[in-house]
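Chain lettering (A, B, C and D) follows the sequence in which the chains are written, and residue indices restart at 1 in each chain.
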């Protein structure tokens, strides 16, 4: 046993964290109390333990007083455990001889109205940490070789940017995209704010770069189905659905689609147009090849037709393609699965789905696309004629506690952009934007807002309460209060656009489960730290890019993608990662070879091995993730989790009780 | 542009003379002085006519707000509403959805958003003494649509309770309450209905407190116990002006 | 014999076992969001709720804690280690039975789930558990501590 | 078959529109809804007025009424939206909030009652929808109405959404239309269908002209939609629609709308072959001749 009580020299360091801790907890009292605990050689308090002076204080004590255990009472170990381990290491002490007492997140910040109670609790927490410190053992980290490749999930602008950055850095990238083409949501938009350039013009070259990059393997029609391993060495499984068209042979001539007899609603146009069962999502698709939708193809569903096969001169149709599951090994993973537009059907007061001329912002966006359902013209769905009077309703499904409380960040700007497009298309049109607050926070955004005001777009501050359709004229009558005038009003419009926000993509939950990365309350993927690690998922080696994390516009998505790529390349460029000594030690003398642990291990990391005349459990340290379930179940106490041994935990229990 | 309107008038000589003297004194003996003065006189007359118009027309105009008459805000008022109703009115983002949803606000100047605003800013008297507080039909449409999920009706009912506690109550409401205390029914039976009940083969009195004196006594006991009787007695009935 | 209702006002002492990935993160989030809950709980971080041995809980009760909270990731599949939470749940039910047989009110031990985003929920759990234990009265295994505070 | 309920009458049904009470007592048992009188019940009390003045008094009186049903061991049944609003909310609050319950019970102690929380509060529309079902009503109908009906839900039947899961949509509910169509009638779409009648919240008693102006919009809209009559499930809405027409005429010199008003139980009675007089249909201010002529 390591608890050599006789020569224990523990240093306790109580942090003020500026005022964060010291305003509530009497840090001096805690330090005085600590200094009297058995084995404690020195106890100090200081303003910021994590700063240079604070760390220096600890290293000096280690060197001069010969400390062999360190307890830091400060913020959550999730914030600075690594910092202080490094301090220990530099001072020549094994970094695992450190224990953190969390007296900020779990004490001063949550007991602000009870300073006495908080101080008592802080003392208790330090006492428990000191108790555990007595039983800490020096541990060695293992270094593991990294697989120098990365997986990027999602082929929208964020995924594209991340993949290109990583590949340009020289790493092999697997880019997995669910649909038959790259492009994602940005590929659906026509012009982008505030520059009003055409989205395709700036996106397509990037898509082509991906397809031509020697370091990127593009897997379309594919999705992640399984993942295991950890930072530096993930093993993932990707299911690739057949395209039924040979990408290399297809010339994208389109004759197949002309002849295909099956017409289905086109999801790219949100059902405003139709497509064939063999189709391309856009004329700019990458890969530039048709794809057969197995759900609707007559041959695949009912065994008849095969017209496309007959008319294809390039002989590209291949009904023999089968679904395959690819197994890949990667060192890091970037999740860029994007978002879905909010479905406004549940807001019954707006009549979306009931009134033809109530549409969503993304639907309008498709109309403004020259390749879209109306050839680029904004038209009333009910009449096919240009609208004379258009209303935009902001914050539909966003900033609404009934649905999503968060601000979707893009709707103000896209509504302003679309209002300008409508004004350009028809000088005489009357455009109003009903808003609660206009949020024009980005570079050039306020200027853009000003431009639309100058163009005569009316900004009316008030949330529209309901829409009804005049049964005779089919005009839409909006009820609202102009809150700046303080008057309740009714006005009719011939087109109403609901500025819907972004919601987590439908498969976000599935992805979060596969990768074991949690989601925030809003359903988006959660970052490791909201301020300091916005690119990282909570699991090491997994990074977030784009709207999968939170609603973003294009510049933010691209910036975050580059950030994620930079983060993801750190382990790849290091080539080695340190693995924490989390796995259990098996005391072979004690192990009875009962095998209970083997059945419990979720990773198959344990097996029985013959040792002399008996069998004992053996841990595969690469597979083991250190949960400790086996340790908890071991009837003979043979398994010990190095950083959470029974002695450590029991000593904490006893220390906390007294 | 030069004004071109022209009116020729005949008037009493003495009035004409006095008027000319006054004009000369004020504007001097210049050309156009008479026109200036006459125009002013006509404007004044028009304005006074406007003001003397019937209440119907006057109602169409928004009431003038005299900020100097408003009692200073009380910081405790909003806090008290939040405490008593459990409804945090400070969450309001003033979007006006409630006003646009409001059946009352559709036909009157009633503005629930402004009540919430004034309340959260602490204008206690202005809110509690206002007839507006009594224009909500408690239809809950605003509650269903509020993007901040504020139960506006709950907040308004709380403010009404506070108004009554301060003795501000509308006269007809005092009548209804007195009925309730006397009979256990807010709307007690009348002679015509007694006849109809008999006609329909129902008992002359329903099997409610109307038939059971002991039950009525119990109800009165509760109304006393909860302070309702005292509350109604103390209330100074306000005339229910039309909104 | 089951213990009775505590008469005197007292501050229960609670031991918490929090899994690293969900509930410890939830507790940290409660702090970052400056939510408040009573300071009666002392938490021990473990990697997974599946690490918690029933003997830890028994030891805690023997040592005089008035209640023990075990918190992990939401079942079925939030667990960072796939199924540690389910194993914790199985052990928890057995443990409750055992406590009943020992004459200790099984409500002194509580199993809860809080995801990394549920700071609010964590604070509510601690508030509620503290309140319940206060009503339940002191742990009879260490009655001598009653009124100590 | 069938189930018995504690019948909560309230004020307006027995004291102003006894026809609704008579219709209910005749018709409901025929479709499996048994009615037992809640002897000595009082005003619910009215949510618009009493709750506006004193919440503690409102809660204690409601608790007393619920206690009567608890003593009978039956769920409360009401066909007044206001009574439903009060009793359902009070029941929920008293069950869920210990402090409120203790407060109400301390008031009830004097009269020897205590709220236990052992019964539920149901609106007739809910019972018709869930237990009798539109199909069940269709089977009971012998004389399909064949009329155009402007269905009025009334606010407190469906809102606030909390406590009323059975309602489904609060913006566009359909259950009362289904129940109406089961009478062989056509439920017409009318612009102001979901708007408030204008009576609630103490507005009718205190500021009659405002209340009537709200009503006027509804009547106009029902008339425009070509409705033969307005159907409701609440005697206060009923009173507003019926007496309000006369008041509108008097106050604003309007042409009479001549729009008959029926409570659902009365319409159900007509469809099951009862005579208008025994259902009290002819006791309204607005004569029902228009519909009776069409019916015969």
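Going forward, a residue touches a chain if its C-beta (ideal position, glycine included) is under 8 Å from a C-beta of that chain, and two chains touch if they have at least 3 such contacts.
Bear in mind the structure is a predicted one, so any value in this text is a computation, not a measurement.
Trainee: Determine the groups of chains connected by touching when chain A is not counted.
Mentor: B, D | C
Trainee: Out of A-B and A-D, which chain pair has the most contact pairs?
Mentor: Counting C-beta pairs in contact, A-B comes out ahead.
Trainee: What whole-number Å value describes the gap between the mean CA coordinates of chain A and chain D?
Mentor: Taking the mean C-alpha position of each chain, the two centres sit 51 Å apart.
Trainee: Rounded to the nearest whole Å, what is the centre-to-centre distance of chain B and chain C, using the mean of the C-alpha atoms as each centre?
Mentor: Computed from C-alpha means, the inter-chain centre distance equals 55 Å.
Trainee: With chain centres defined as C-alpha means, what is the inter-centre distance between chain B and chain D in Å?
Mentor: Their C-alpha centroids are separated by 29 Å.
Trainee: What residues in chain A touch two or more of the other chains?
Mentor: Answer for chain A, listing residues that touch two or more other chains: 349.
Trainee: What are the residues of chain C that contact at least two other chains?
Mentor: Not one residue of chain C touches more than one other chain, so the list is empty.
Trainee: Could you list which residues of chain B touch at least two other chains?
Mentor: Correct list: 106, 141.
Trainee: Name the touching chain pairs, please: which are they?
Mentor: By the stated definition, chains touch in these pairs: A-B, A-C, A-D, B-D.
Trainee: Quick check on the complex: what are the chain B residues that touch chain A?
Mentor: The touching residues are 93-102, 105-106, 111, 113-114, 141, 145-149.
Trainee: Using the touch rule from the top, collect the residues of chain D that touch chain B in their complex.
Mentor: For chain D paired with chain B, touching residues are 9, 11-12, 14-16, 18-19, 21-22, 25, 37-43, 45-57, 60-61, 64, 107-108, 110-111, 113, 155-156, 159-161, 170-171, 194-196, 198-203, 205-207, 209-211, 213-214, 217, 278, 280, 283.
Trainee: Tell me, which parts of chain B touch chain D in their complex?
Mentor: Chain B residues touching chain D: 103-104, 106-108, 131, 134-141, 143-144, 151, 153, 157-158, 160-161, 164, 169-173, 175-177, 180, 184-190, 193, 196-197, 200-202, 206-212, 214-216, 218-219, 221-223, 225-228, 231-232, 240, 242-243.
Trainee: Residue numbers of chain A touching chain B in their complex, please.
Mentor: 349, 395, 399-402, 436-437, 461-466, 479-483, 486, 488-489
Trainee: Along chain A, where are the residues that touch chain D in the complex?
Mentor: Result: residues 348-349, 468, 471 of chain A touch chain D.
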